[in-house]
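Letters are used for the chains, namely A, B, C and D, taken in the order the chains are written, and counting of residues starts over at 1 for each.
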Amino acid sequence: MQLPKTVFKPPFSITRASHLVSVVTDLPAARAFYVDMLGLIVSDEDRNTLYLRGIEEACHHSLVLKAGPKPVCERIGLRVLTEEDLDLAQRHFAAAGLPTQWVDAPFQGRTLHTADAVGTPLELCAQMTTRPRRIMDFDTHHGVCPQRLDHFQIFTPRVQDACEFYMAMGFRLSEYIVREDADELRAVFLQRKGNPHDIVFNAQTALRLHHVAYTAPEAYHLMYIADLCGKNGYGDKVERGPGRHFGPGHARFVYLRDPDGHRIEFFNNHYQTIDMEDEPVRWEASRLNRAGAWGPAPSESWLNEATAFAAG
Amino acid sequence: MQLPKTVFKPPFSITRASHLVSVVTDLPAARAFYVDMLGLIVSDEDRNTLYLRGIEEACHHSLVLKAGPKPVCERIGLRVLTEEDLDLAQRHFAAAGLPTQWVDAPFQGRTLHTADAVGTPLELCAQMTTRPRRIMDFDTHHGVCPQRLDHFQIFTPRVQDACEFYMAMGFRLSEYIVREDADELRAVFLQRKGNPHDIVFNAQTALRLHHVAYTAPEAYHLMYIADLCGKNGYGDKVERGPGRHFGPGHARFVYLRDPDGHRIEFFNNHYQTIDMEDEPVRWEASRLNRAGAWGPAPSESWLNEATAFAAG
Amino acid sequence: MQLPKTVFKPPFSITRASHLVSVVTDLPAARAFYVDMLGLIVSDEDRNTLYLRGIEEACHHSLVLKAGPKPVCERIGLRVLTEEDLDLAQRHFAAAGLPTQWVDAPFQGRTLHTADAVGTPLELCAQMTTRPRRIMDFDTHHGVCPQRLDHFQIFTPRVQDACEFYMAMGFRLSEYIVREDADELRAVFLQRKGNPHDIVFNAQTALRLHHVAYTAPEAYHLMYIADLCGKNGYGDKVERGPGRHFGPGHARFVYLRDPDGHRIEFFNNHYQTIDMEDEPVRWEASRLNRAGAWGPAPSESWLNEATAFAAG
Amino acid sequence: MQLPKTVFKPPFSITRASHLVSVVTDLPAARAFYVDMLGLIVSDEDRNTLYLRGIEEACHHSLVLKAGPKPVCERIGLRVLTEEDLDLAQRHFAAAGLPTQWVDAPFQGRTLHTADAVGTPLELCAQMTTRPRRIMDFDTHHGVCPQRLDHFQIFTPRVQDACEFYMAMGFRLSEYIVREDADELRAVFLQRKGNPHDIVFNAQTALRLHHVAYTAPEAYHLMYIADLCGKNGYGDKVERGPGRHFGPGHARFVYLRDPDGHRIEFFNNHYQTIDMEDEPVRWEASRLNRAGAWGPAPSESWLNEATAFAAG
């Protein structure tokens, strides 16, 4: 096993995890969950689509929910810095033999549909319509006070390939887990925006989306949203936590499942990692969550269930 | 099953759950746990005994830990209002055929050793030595910032007897759990100080102490103490929570086991219950923790393990 | 100056500060402030009256707001334990030459109108209609999540008289402030329910109500309600704090003025004081808020403005 | 007044506000303040110097305190991404006619001393010695749990010049304040790391350092550090807050003065701003802190006092 080299000056600039496009089978139920309970803000909606954002986000949407027959994830959205970066990205993906297609996406600038080296369907853009940040609209804050989308976690059987692909585009490896016996990458935590992750790849048999994560202000909100789930009949949707990762990222977290089974994490207390000398933190799978960990072991559902991606 | 009548004007005044006297097998280990980590304050100590109190307590001790060969609980301490109440209490217990003995207890006024109707060894006094409240000594606050002892929970096969015995002494029944099929009291939550409990009796095969509970300031502290346990090698001592009781008291809680296995709860968000018209809240065992509850079911250890009382 | 003796076994049992009846000049504006923003719960309302309670209160109301031409306080409400205590109270007040009158008060049991020795108009009752505690209705919690009424503060030129009158009825003096030069009581903090205060008297030229206080869960909520006031156009109603009393009670507090100028405090981190040996804490006015205090000195408005009581 | 254009692809990459080098007159007193009370971590120290970092920082130091005769600020530290960026920076500053000098700075890689266009003494480097992040060392967290250095605020009579100089190096203008009558920039909030500021320039008669700011986890910690200051005899060092900026950045804040008068801010609840379309937010000086603001107006000391820079 070899860790790829950090590319400090990548050919184009991806800036951050941006948004998620998912399909839900019951849009009103999803609205009740994400908007009425969790507290995401509706930027726009029509009969078949909800465009949601966190309370500090100026971008039009970080979560797009579309009504459909099966609960799948359509695409992971990444931002590039400029329109020029978008063109460079298109050439980069095409040169790698990956599909690229320019599409119209509502409330977004020019949008590129493509896929990464392990097949994750991606959507890249440089710009979105903006809306006022609601961070000071204290009268509208409720639920978990979701602040902003932070990262995605993806299941893939090809963690090493994913790691190489993203690091070649300038992603930094903040932390990783190795299977010592197999000398193999078990999970990689990759970032562009200067905190522990934008996108995480975790070893599993098939490509799927494990979760999308938003930041929440305080420990209080992680406890409160669990209580609120309980009160609202979603008690069984509190899948894990509130707890603490005694492993990569070491966030304070809570994981919820939405009415369709899509998983969303709320967390706080990440750290900043920007500097040249920041080396990836190595964790050994066999010792993970041993020293220091508290709380019940993650359930089978948390470990193994995930959202399929829509067939291309 | 019949609920006893509330006695608004009892023959003497027990005021509150006061203190606990327990035996630990390794006093330095207990000191590291309770003082260095949890943040209880040492009022006094000698080679064989630790006298501890919470940061808002003016009473000399709410937890007495004695070194001994076996981890048992010696006594539950209750306070009466005046010295006269103490004499009336002695007569009341003696008249009920229960053992009573006046003893010298360090840092306490006249102290009565007795037992309740189900055999719980009790220690009653009207006064203790006082020490300054440390509530404003912000520089000494650490750990979970334990504020004050709040209540005890006892396992007994004779819940109905316990309920009758304590209510005859003016305890109010704040909440209770019934086994519907058996028309039987499963648990009773009894209080004198105007919040949900001073002493709780829970149906089990043998008399034992389930836990002592202290209040902690904020949700943050319940999460933080779990993290601190993890860091300090006590990760496996975080037995349950942080979570929320969707049943009697409905506190936000975390349960820890000390190095000897004694259980301590930290919680917040109880309520005040003083008024004449406050009726006991009825819960049905079969429905408990169903509607609204979140989080993993309590473990076997939490349900069944408890501390034996010292043989009289 | 002499501190009155504590009466441990008073002739009848007043249990706690219960409720406040105030007049507001614009009931819809008051509703917007207390209900929509602060988060008090409406138990009942009609065209001219709002009956409000905190989220943990089972009693029908702790704040009654009546529409009227002038913003005054009609009465301070106190609870007694039983109906018998109410009759004993009536005889006690009458024997002291104070006015007593039985009245019908909506949603209350038999209600006694009277006044204390310094003229504060009082309303005593043993019972109220009950409503479900909303402590678990997490979906309805908002604003400062006001939990329960805790205490009143009264301006009076006759602090010593007030102290003697209430202590004769079994109130405990938890803390007090003396003017050293004059050997005079400057403020007395009196309690029945086992925490620092139910009623406070503060030396001032005329009898008036300084504030009513409710508990709020966490430091977060005290900061949040100030932010919410700002957002809702009530920024200038945040009169003092969030801050900390480095004096009696040493609560973490925020003081707001309602649209009519009535003052309401939200606070947390009081302490329990029940025991026989708890001695009143003495503070010297000249040193108060010196050692240790932080934050701006209280404004003239906070020090001197208060609500007049309705003319009998 | 003209806002400079955003430079998305600057000639070299400054990444973030990095560290501050200040002189204190009493190093043990500074250690008691910053380490024992605030909770900063000592990475290294000798008789004349303290190297401090926040609990999540892997870089060796974010605050260097040197013993000296006068309380001045020596330099503001900025990070560049790579060693190559450092060389490019040197050429850039030299080409602008600014002094540049390569120096040895302990625990740092190659270090460039220079100054910006308005005279602020700067220190640039690409690398530092690293130390373990202490974010999971919960047993060492105390005080305000300072997480990481976030930004500096500088007083200068030449705000427009500062704005142009930094924006030419790729700094984004997140927010700014204009004096409407004078059509003049009153303050500019400039950032490289994707949140509201790395460096702020505020109009004042002479070049000085107003404050350095660290993030703190929760509202609780901002209240707690004020309490702790009070307890430790630094009550008068709590200069402003805890409060909320109803203006640029809109952070929840508290400002402290150290024993030498240097000012440090702790805050939380900033927002992310990375995207191409994020436009600078305009504030008008005359309306600032009007709509929505709560709390006392900033004191004269907060408005006008600041730390002089050491003479070159």
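Everything below uses one rule, namely that a residue touches a chain if its C-beta (ideal position, glycine included) is under 8 Å from a C-beta of that chain, and two chains touch if they have at least 3 such contacts.
Quick caveat: nothing in here was measured; it's all calculated off a predicted structure.
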Of A-C and B-C, the pair joined by more C-beta contact pairs is B-C
Given over half shared residue numbers means same and under half means different, the chain C/chain D interface is same
Expressed in whole Å, how far the mean CA point of chain B lies from that of chain C is 31
Whole-Å distance, C-alpha centre of chain C to that of chain D, is 44
Distance in whole angstrom between the CA centres of chain A and chain C is 49
Residue numbers in chain C touching two or more further chains are 136, 218-220, 224, 227, 230-231, 246, 292
Contact graph of the chains (line, ring, star, complete, other): complete
Chain C residues touching chain A in their complex are 37, 136-139, 142, 218, 220, 224, 227-228, 230-232
Given the complex, residues on chain C that touch chain B span 8-9, 15-16, 56-59, 79, 81-83, 109, 126-128, 130, 133, 135-136, 147-148, 193-194, 217-220, 246, 250, 268-269, 271-279, 292
Residue positions on chain B within touch of chain A in the complex are 218-220, 222-224, 226-227, 229-231, 233-238, 242-244, 246, 252, 291-296, 299
